[in-house]
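If you scroll down you'll find the structure; I have some questions about it.
We call the chains A, B, C and D, going by the order they appear; numbering starts again at 1 in every chain.
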Amino acid sequence: MYRMPYGFGPSAGPRQGPDGRPFDWTNTPRKRSVAVSYLTDAALLRNLLPPGFSLADEPVVTIELQYFTELEWLAGRGYNTLGVKFPVTYRGTVDEVTGLFLAVLWENLADPILTGRDELGFAKLYAEIPEPRVFQGREFHGAAWLGHRFIDIELDAIEEASLAPLSGPAAGGTLHYKYVPATGQWGEADIAYACHTPPGASQQRTIGAFHAKGRVTIHDTQWADMPTQFHIVRALAALPILEARGAVITETRGGKDLSDQRRLT
Amino acid sequence: MYRMPYGFGPSAGPRQGPDGRPFDWTNTPRKRSVAVSYLTDAALLRNLLPPGFSLADEPVVTIELQYFTELEWLAGRGYNTLGVKFPVTYRGTVDEVTGLFLAVLWENLADPILTGRDELGFAKLYAEIPEPRVFQGREFHGAAWLGHRFIDIELDAIEEASLAPLSGPAAGGTLHYKYVPATGQWGEADIAYACHTPPGASQQRTIGAFHAKGRVTIHDTQWADMPTQFHIVRALAALPILEARGAVITETRGGKDLSDQRRLT
Amino acid sequence: MYRMPYGFGPSAGPRQGPDGRPFDWTNTPRKRSVAVSYLTDAALLRNLLPPGFSLADEPVVTIELQYFTELEWLAGRGYNTLGVKFPVTYRGTVDEVTGLFLAVLWENLADPILTGRDELGFAKLYAEIPEPRVFQGREFHGAAWLGHRFIDIELDAIEEASLAPLSGPAAGGTLHYKYVPATGQWGEADIAYACHTPPGASQQRTIGAFHAKGRVTIHDTQWADMPTQFHIVRALAALPILEARGAVITETRGGKDLSDQRRLT
Amino acid sequence: MYRMPYGFGPSAGPRQGPDGRPFDWTNTPRKRSVAVSYLTDAALLRNLLPPGFSLADEPVVTIELQYFTELEWLAGRGYNTLGVKFPVTYRGTVDEVTGLFLAVLWENLADPILTGRDELGFAKLYAEIPEPRVFQGREFHGAAWLGHRFIDIELDAIEEASLAPLSGPAAGGTLHYKYVPATGQWGEADIAYACHTPPGASQQRTIGAFHAKGRVTIHDTQWADMPTQFHIVRALAALPILEARGAVITETRGGKDLSDQRRLT
């Protein structure tokens, strides 16, 4: 598999090791996921949909942080992510899939951003996502861009829980819209299609699970604060939090390399 | 102009401000460029060429650092880059262009990496590129990835100079190979074409220029050191330095937004 | 000269090179200084005075950023500082000195913090002090601690100027209060005395000077934001800005090693 | 308790909260400690001893990394440390104590460096200490200063173990030499005395323990690489590794605030 820069030959990444072979996803990575959900306004959420997508089920936004360590494809390093998801149905000329749309995914390391955008069509961007502050039973998570803190996520009332299996749209996997503009023909696209991460086929297993109360605060963000991303933060900030839908913490081991990612037609 | 994430609407970047209008490139950015050149082996250099490209002129590699400040499109912030260039001719079905091929360009900020890869077809990757150490008339530049220093560039015998205008392939602009893999059809490409940054049309003006002696050292790099980039560093390390061709430092103000970037056919 | 850790022998630093000899301060470091001043309330300012100090002249606070590069004692590296100063007189049993009291000095590198605290009695603390944003004739400076931005300094109306020589308390050098607590005897001190950086004897020369309008904003800071420093930020935030007294930018080369620093009695 | 800057009043820290009261150390911090030991040359080790100290027991050096999270006094943040210890006896005019001498302790956050140096007499310095790489049953730890990696610590053959209680010098607590130079009287000291961290009185409890094989590599370090610390790294590099003495990993919760730290006489 090639990525830019092309001339140096195939690039190793999550789906191919230095020798071209896949990695072992049985016991690693370790992941701690913190997901906070809330009901929002359907009309505003609909504004964030790419072509072919419509809302499915309730307009519930989930903000999910993931703290990865022991990633084999990074030779045992880790990184952190912050994603925004909500339930949608994609209807193409052939495919119809209901799942969670990953509207944007911030990551604090450029290399998985590039593999994910180019190979998988994940809408990844860069942000600083520090380890959480954990203080007297509460957790304080968040993200920033060059020092501008644009989101805070606070958890309390954290209690061990047994998690129900995924149901509804969340059981349908994750949906994406891959888009790369055309060079020189400004306003046109070289790539513009939907992608699907099917559920299942992962070696991920849960080793800890907790329920909690979660609170999301999105901060005022001007163009000068985040000149390439302010419009995203402002659109998220404009989504009202109509009703809290709780938070879920999961600690897992194992995973998959997402080579089952597919283009939708 | 759109980039991923698509659903939030057009993304501001170097070629469009928050209101869609271009930026003013008359007096900014400021840039300090440090370029060290050396003669290498033509056969090894040829290995790094994408389809349609051949070597032009002598096989002279130039390693160029650029330290940008006061970039309007980043609301006055800056970032640093480290590029590898050599003279080539691209022959397509229609176009034939001779210029410098930008084989790889490391940058220390993700946002210009994404705009450059997606909009321009620049082969950008992430690296740490700290400010140089300047000590007793010598300068020490370099780059690292998560702490692994993979290149050192040292300058001495720095003297003010008046620079000759560009000639030969360097006068022909910069060439690139835009490549994005196809999702799900592993090994195939969604995008694979050459691009050209034509010379000229820039408001860049030189405010200082120096000649120097330069020394480039590329360090031993294993897969575990840079799991997504080691093959690039190793290929560069394999290029013998057959003859030093000197170093040039330029300090400039002004520039252009590269909206004259074009796809070659 | 020794510092902790003691057992490894003398430690190199600004005042002694690796061979024990002093450094050359003729042409380096380079420094860009940005100083914004304002009139505040004398009674509140008086609260910040250590024993033996009293206010002198008008209660004018100066917030000064310094951006250092090419420091010989750091082998050509640089670092940035943010200090708070105001005019005072120190009266000891022997000495009486009027100058500017350096109430606190944030720096973005630990090594000069340690040499400065231990050898000179400078009240140095750590903060992130990024390079300024420079945008359309305005400059945006500031500092943060682990992501919490606690001060913003904005300059506009920047114009070249010829600076008058220092007069009044500023001509008297800088005053400090060195304090190290006693181990085990909590609440008592091992060291508690005033220090003086005399003016002059520096090879610093000005290569550029500007006047500007400056605006200082100190942000709300709770204990959890800066658990070891919040009380300092809050005390500075409590000082009203009664009247702006302008800003001065100076660009200099050369300096001194402060080995003329002396203990006051 | 006061620290520099003095004028702003008492400074919060590990031993006093924002209201002056102590913190709760029952369940936090969490700590993961990785300690690798080896036999070295007694004569070379003796060179690192401050006045009043002599070697005790075998000349075994222990390099210990500590990864702290959930520190109450940092409002739930964490930091990492790398210390060098070996068994000594301190004989003063009154006290005689055998324990482990903490020759140097690198930390990756300035605030605990300052509280530890000033209040406790710990020989703390700054270094970058990233999270370890964990890959196929091996762990890769290390530290750097402004990008110069000066030590690598690698573990393998990691197996769960039940740890024996501390015995020998390690059971005697930790010894330190507090030293602060005199301002202006260069070469003389304001503070120069031994300190002792007695064992016990901690709420720390072990929640996981492992034995491993460990390998320490200390890298060539010139003055220009670490201008204030190179002599320390070089002295450590000069200690031969005569025999590996294994590695121990412990995971703990709880601790103490070290307010039982005392000055030796």
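Methods note: contacts are C-beta pairs under 8 Å (C-beta built on N, C-alpha and C of every residue); 3 or more make two chains touch, one makes a residue touch a chain.
Everything quoted here is computed from the prediction, not taken from an experiment.
Common neighbours of chain B and chain C, by the contact definition above: A, D. Counting the residue numbers used at the interface between chain A and chain B, over half appear in both copies, so the two copies meet with largely the same residues. Interface comparison, C-D against B-D: more C-beta pairs in contact at C-D. The geometric centre of chain A is 39 Å away from that of chain D, both derived from CA atoms. In this assembly, the C-alpha centroid of chain C lies 30 Å from the C-alpha centroid of chain D. Centroids built from CA atoms put chain D at 44 Å from chain B.
Residue numbers of chain B whose C-beta contacts span two or more other chains: 75-77, 133, 135, 146, 224. On chain B, the positions that touch chain D within their shared complex are 128, 130, 133, 135, 144, 146-147, 149, 224. In the complex of the two chains, the chain D residues touching chain C come out as 1-13, 15, 17-18, 47-50, 53, 73-77, 101, 103-104, 109-111, 113-115, 117-126, 146, 177-187, 189-193, 195, 223-225, 227-232, 235, 259, 261-263.
Put simply, chain A touches chain D in their complex at residues 28, 69-70, 72, 75-78, 131-136, 138, 140.
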